[in-house]
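Below: a set of structures, written as C-alpha cells.
One chain, chain A, links the two complexes that follow: it is found with chain B in the first and with chain C in the second.
Then we have the complex of A and B:
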C-alpha cells in the first residue's frame, strides 16, 4: 500500500497518466531491453573465456577464468588476421564515406534550390532505383568491375560503396537543405556571393549536423557491409573485418571464443562511432527539425 | 551617392493567377526615406524583393539611379549583387556561424577588398551603429536590437546607393521599437542614403517616412507625406487604416439626419445616394457644456489612454462614435459633441472633400 502511494505521488498526470500504465510500460521496456542485450552479453562473456570453458556450454558460469587470449588469437590469426581486417575496413569505409557525402551534397543542393528541366523525374527515378537490393545488382557490378580490372581492389570496392551511398545521401541532404531558411542564401546573394560561394561559405557550415549525420550513417553502413566485400574482394590481405569473421570457423570444430572475440572487435568501431556521434545518429534517423 | 528609384508600371503575377502587384508606379527621390505601408498580403514585400532583384516583375521596369535594373518586356535583369543595394530582412538573416565582425565583413570579402580596408570599414560602420563592442559575438549571443544593428551594418558597409528594409521593427518589443525608429531615421538623414522601408505598422511608417505609399491588394492607394495621408485620405480604406484610434466611419443614406446636421449636403453630387462620413476621434470633442455642438448623445464608455480620454458616445440611437472627452465626463453622461473636421467619401469610397463644419 505504501509503495503504491509513492508511485501515485510521483506519477499522477505523468506521461502515461496512471501509475499502473507506467508500471506496465516499464516492465515491457525492461523486458525487451534485457532480451535484446542478452545476446551481446553472451558474446562478450564467451569472448573472454578460454575454449575449454566455452565447450561445456555458453551459459555455464563456473569455472570462470577471464582471458584475452581469444582477442589476441583473432587479431593476429595467421590466416585471417583481424588486425589486417580492421585496417582494411577503415581503408574502405573512410573514403566510402567522404566521397559520396561530398558529391551527394552538391547534388542535393541543386535539387533543393535550383530548378532545371526533368528535375523531379530525375529525383524520383533516383529514389525508385534505390529499392534495388545488392543481390540483384551484384552480377552486373561484378562484370563491370572485372572489365575495368577493379575486381579485388580497394578502389573497386570504394567506388561501389560510394555509388551505392550517393542516392540515399542526396535524398537525405536535399531534405535537410530545403529546411534551411532561404533568407540566409538570399541575403548572401544581395551581399554579392555567387552560388558556389553561397554553398561553401554559408550553406555547408550551417548544415554540419546534417552532413555529420549522413556521414555517420554511411560509415556504419559501409563498415557493416558483408555482401559487397564478400563478392568483390578475394585476397585475404585485402579482406574487411566482416568477411573475415566467418572464415575464423574451423573445419572440424567451431572455436566460439575466437568467433565471439572477432565479433566484438568487428562491432566495436560502429559502436564507438555511435557513442561519440549519438546526437547526429539519432538526428539522422528521425530527421532534423530546424529551429530558426 | 544616393540614387533615385523609378518604379514604372510594375505588375507581378505569381502562377497560377495570384496578382501580387498591379500597375504600381512611383518615383522615389535620391536621399528620400520612403515607406511602403500596407496590411499583410498587400504586395509590399514583393515590391521590395523586385527592387532588390530577388523577384522578377511580370510587367514593367525598375530603374535605380540611371540604370534599368529590370525590364520585363525587354528582358533586362541585373543581379542583386550588381545593383549596389543593401538589404535588411525582417528576421535579420545574420549568418549564425559567423561573428558580428565576419557578418559585416562578408560583403567586402566577397568583393575581395584588401584586409586593412575591410577592417577599417567594418569598424567605421560598427562605430556609427554603436555596436563596436559586439564584434566578436555570434548572433545567438545578442539581443534583438543588437542583431538588427549588425544586420543594418552589414547592409551599409558596402556603401550602397539604396537601403531596403523589410519590416525591420516587427521583431522588436515596443520600448526598443521607439529607440530603433529614431536611430534609423537619424542614421538615414546623416548618411543621406535613399531608403525604402516596408511595414504594416502605420505608427512606424509615420515616425520615419518622408513620403508613404499605401498598398492594398497590390494596388497603390495613395502616395504622399504623412500629413497628407492623415489629413486628406484618398479613400475609405486609407482613412480607416491610418490613425489610432481609428476614424469613425459611417455609411449613410443621403437623407440621413446626420447629413443635415453636419451641413454637408452641398458637397454631395446628385448621383450618389450613399455617402461615407468619417470623423477622427481626435477631431471631435464631447463636453457637457458646449455652445455650437452638432449633436447630443449619451456616453457608453470612457477610455483613458494616458494623455487623452476618449468617450464612446451613442448618438441618434443607432450610431456610436468615439470622440475626445473632456475631463469631467463619466459613463452615462449626456454630452454635446462638436465636430472640428470631417471627411466625406462617395459611394465608391473615394474622397470627396474634407470639411470643417
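Then we have the complex of A and C:
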C-alpha cells in the first residue's frame, strides 16, 4: 500500500482521469523516451568495445570488455585524424559565431528601434534569406573564393558561415531587442547619448541572455554543418570533424568500430553545449522557431 | 520612440551586416539564377561550358530520369526520381512528426519527468545531421541495428536485413529515421504551445465532464493552429532541403533509390562537374520551397 501511494504521489489528477490511467501514461511515456535514445546508447556501446564483441548486436553484454581503442584509432587515424578535425571544427566555429553575432546585433538594433526608409523591405529580405537553401549560393561562392584565393582556407569558410548566420541572428535579436523596455534608452537619449553609446552602454549589457542564446545556437549550427565544409575545404589537414566522418566509412566494409567512436566525438561538443547552456539553447530554439 | 540621429548614423548599424550578406549570400543567389540560363556570372573564369544562353538546362533537368523517373513511377519501384522522393518524404514525414509531436507533447505534460523525456527526444535536434544519418544506417543494420532486434523479438526474424541497402526500403528507412530525428522539433514547439493554453480552460472542461478526446480535439488542437502552421512550414522546408542524412547513410543509393533534390545538385556539381546544370537544380529547389517560405514570411510579418 505504501509503495503504491509513493508511486502515485506525482499524480495530480486532471486530464488523465484516474490514477490508473496516469500510471499507464507514465509507463508509456518512459518507454517511448527510452526507445528514443536506444540508437545513442547503441553507438556508445559499440564505440567502447572491440568490434568482435558487437558483431551480433551491441546489446549482448557478455563478454563486455571496455576499451578506448576505437577512440585512439579515430583520433589518430593516419588519413583523417579526428583530433585534427576536432580542432579544425573549433577553429571554424568560434570566429563563425563571434563575427555574425556582433554584426547582426547592430543590425538587429536598427530593425528594432530605428525608423528609416526601406526598413520593411530589408527586413523581409532577411526573412527570405533565412529560408534559402545552401545549395542556392554555393556555386558562385566556390568560384568567388577561388578567385580570392580563399578556397580551401579557414578564412573562406569562416566568411561564408558568418554571412550565412547574419539573417537568422538579426531576426532573432531584433525580436529580443523589441521586447526590452524603452525607458532606459529614452532617458539616455534625453541626456544626449548617441545611438552608438546607447547600444553599447545600455542595450548590449542587458541583452546578454539573448546574445548568449544566439551564440550558442550559431556555434552548434556551424559545428554541425556539413555542406559548406564539404564544398569549400579539400585538404585533410583543414577538414572539420563532420566532414571527416563519412570518409571513415571505408570502401566496401563499414568499420563501425571507427565510425561509432567518430560519431560520439562529433556529437559530444554540441551535446555538452546543449547541456551546459540548456536554458539559453531552448530559449533560443523557441525564439528561432516561433515568432514573438 | 523616435530615434534621433541622421539616416547615415542609423544605416551605419546595418552596413557591416549587409556588406557580408550582399557579397556572400545575395549576389551568389542571383548569380546562381543567371548561371542556370548559361550566362557566366563570375568574372575571371568561364563556368558555363560554352553552352548557348537559354532555358535549355531546365528542359534537361525536368526531363531527366534523375529528376522524375517515369519507369519507376509506372512500376512503383525505386528510383522514382529526386523530386518524387522529396514528395514522398513530405507525405510521410510531415503527418507522422506532427501527430507524434502533438500526442507526445500532450502526454509529457501529464507525466512525471516529462521534461526529461522531452530532452531525450530533443537530442535528434542537437547532434550533427551527418551523425544522424550514420545513426539511422547503424540502427537499420542487419546485425547491429536495434530495428532488427525488435523484429527478432517479435518473431519477424525473416524480415531482418540491412534496410538502407535495398532500393525498395532505402528511402523509407531514411524517412522513418528522419521522423526519429525531427520529432524533437515538433514535440518542443507543441509543448511550448500547450504551455501557453490557460490551465483554467482545460480544468473547466474537465469539471464539465469532457473526456480526453473532446479536450484534445475541441480545445487543444484549435488553440494550437498558429503553432501548427509554423511547424508545417518548417517541416516541409527541412524535408525539401534534406541532404546530410542521405549523404551519410546511402549517398542517394542504391542506384539512385534515395536520391533527393539537394543531393542531385551536389551530384551535378561534384561528380558530373556541370555547373549550369547544378545551378538549375538549385534554382528548381528554391522555386519549390518558395511558396512555403512566402506563407511563413507572411505569417511573421502579419503578426506585427
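Following the convention adopted for this analysis, the second predicted complex is superposed on the first by the 254 of 292 C-alpha atoms of A that agree within 3 Å, B and C clash if a C-alpha of one lies under 4 Å from a C-alpha of the other, contacts with A are read in each partner's own complex, and residues count from 1 in each chain.
Simple rule for what comes next: a contact is a pair of C-beta atoms (placed from the backbone, for glycine too) under 8 Å apart; a residue touches a chain by one contact, two chains touch by 3 or more.
Every value quoted in this text rests on a predicted model; they were computed, and no experiment measured them.
Asker: Chain B versus chain C on the shared chain A, clash or fit?
Answerer: Once both complexes are aligned on chain A, chain B and chain C fit side by side.
Asker: Just to be sure I read the superposition right, which of the two partners does A:52 touch: chain B = first, chain C = second, or both, or neither?
Answerer: A:52: touches no partner chain.
Asker: Of the partners chain B and chain C, which touch A:237 in the superposed model: first, second, both, neither?
Answerer: Neither partner.
Asker: Could you say whether A:110 touches chain B, chain C, both of them, or neither, answering first, second, both or neither?
Answerer: In the superposed model, A:110 contacts chain C only, not chain B.
Asker: Determine, for the superposed model, which of the two partners chain B and chain C contacts more residues of chain A.
Answerer: C
Asker: Looking at A:189, would you say it contacts chain B, chain C, both, or neither? Reply first, second, both or neither.
Answerer: In the superposition, A:189 contacts both chain B and chain C.
Asker: Consider the C-alpha centres of chain B and chain C from the C-alpha centre of chain A, and write down the angle between them to the nearest 10 degrees.
Answerer: After fitting both complexes on chain A, the angle is 100 degrees.
Asker: Under the stated touch criterion, which partner chain does A:65 make contact with: chain B (first), chain C (second), both, or neither?
Answerer: After superposing on A, A:65 lies clear of both chain B and chain C.
Asker: After overlaying the two complexes, what is the shortest C-alpha distance between chain B and chain C, in Å?
Answerer: 7
Asker: Using the superposition described at the top, list the residues of chain A that contact chain B and also contact chain C.
Answerer: 186, 189
Asker: Would you mind writing out the residues of chain B in touch with chain A in their complex?
Answerer: 52-54, 79-81, 85-87, 89, 91, 93, 95-97, 106-107, 110-111, 154, 158
Asker: List the residues on chain C that touch chain A in their complex, please.
Answerer: The contact residues of chain C facing chain A are 1-5, 7, 9-11, 13-14, 16-18, 20-21, 23-29, 31-32, 35, 41-45, 47, 104, 107-114, 116-117, 119-121, 123, 125-131, 134-139, 141, 143-146, 149, 180, 185, 188-189, 192, 202-203, 206, 211-212, 215, 227, 230, 234, 237, 240-241, 243-244, 247-248, 262, 265-266, 269-270, 275, 278-279, 281-283, 285-286, 289, 292-293, 296-297, 299-301, 303.
Asker: Going by the contact rule at the top, pick out the chain A residues touching chain B in the complex.
Answerer: These residues of chain A touch chain B: 181, 183-184, 186-193, 197, 202, 205-206, 292.
Asker: Can you name the residues of chain A that touch chain C in the complex?
Answerer: Residues of chain A touching chain C: 10, 14-17, 22, 25-26, 28-30, 32-34, 36-40, 42-43, 46, 54-59, 100, 103-104, 106-107, 109-110, 113-117, 120, 122-125, 127-129, 131-141, 143-144, 146-147, 159-160, 162-164, 166-167, 170, 182, 185-186, 189, 194-196, 199, 220, 223-227, 230-231, 242, 245-246, 254, 256, 259-260, 263, 266-267, 270-271, 274, 278, 282, 285-286, 289-291.
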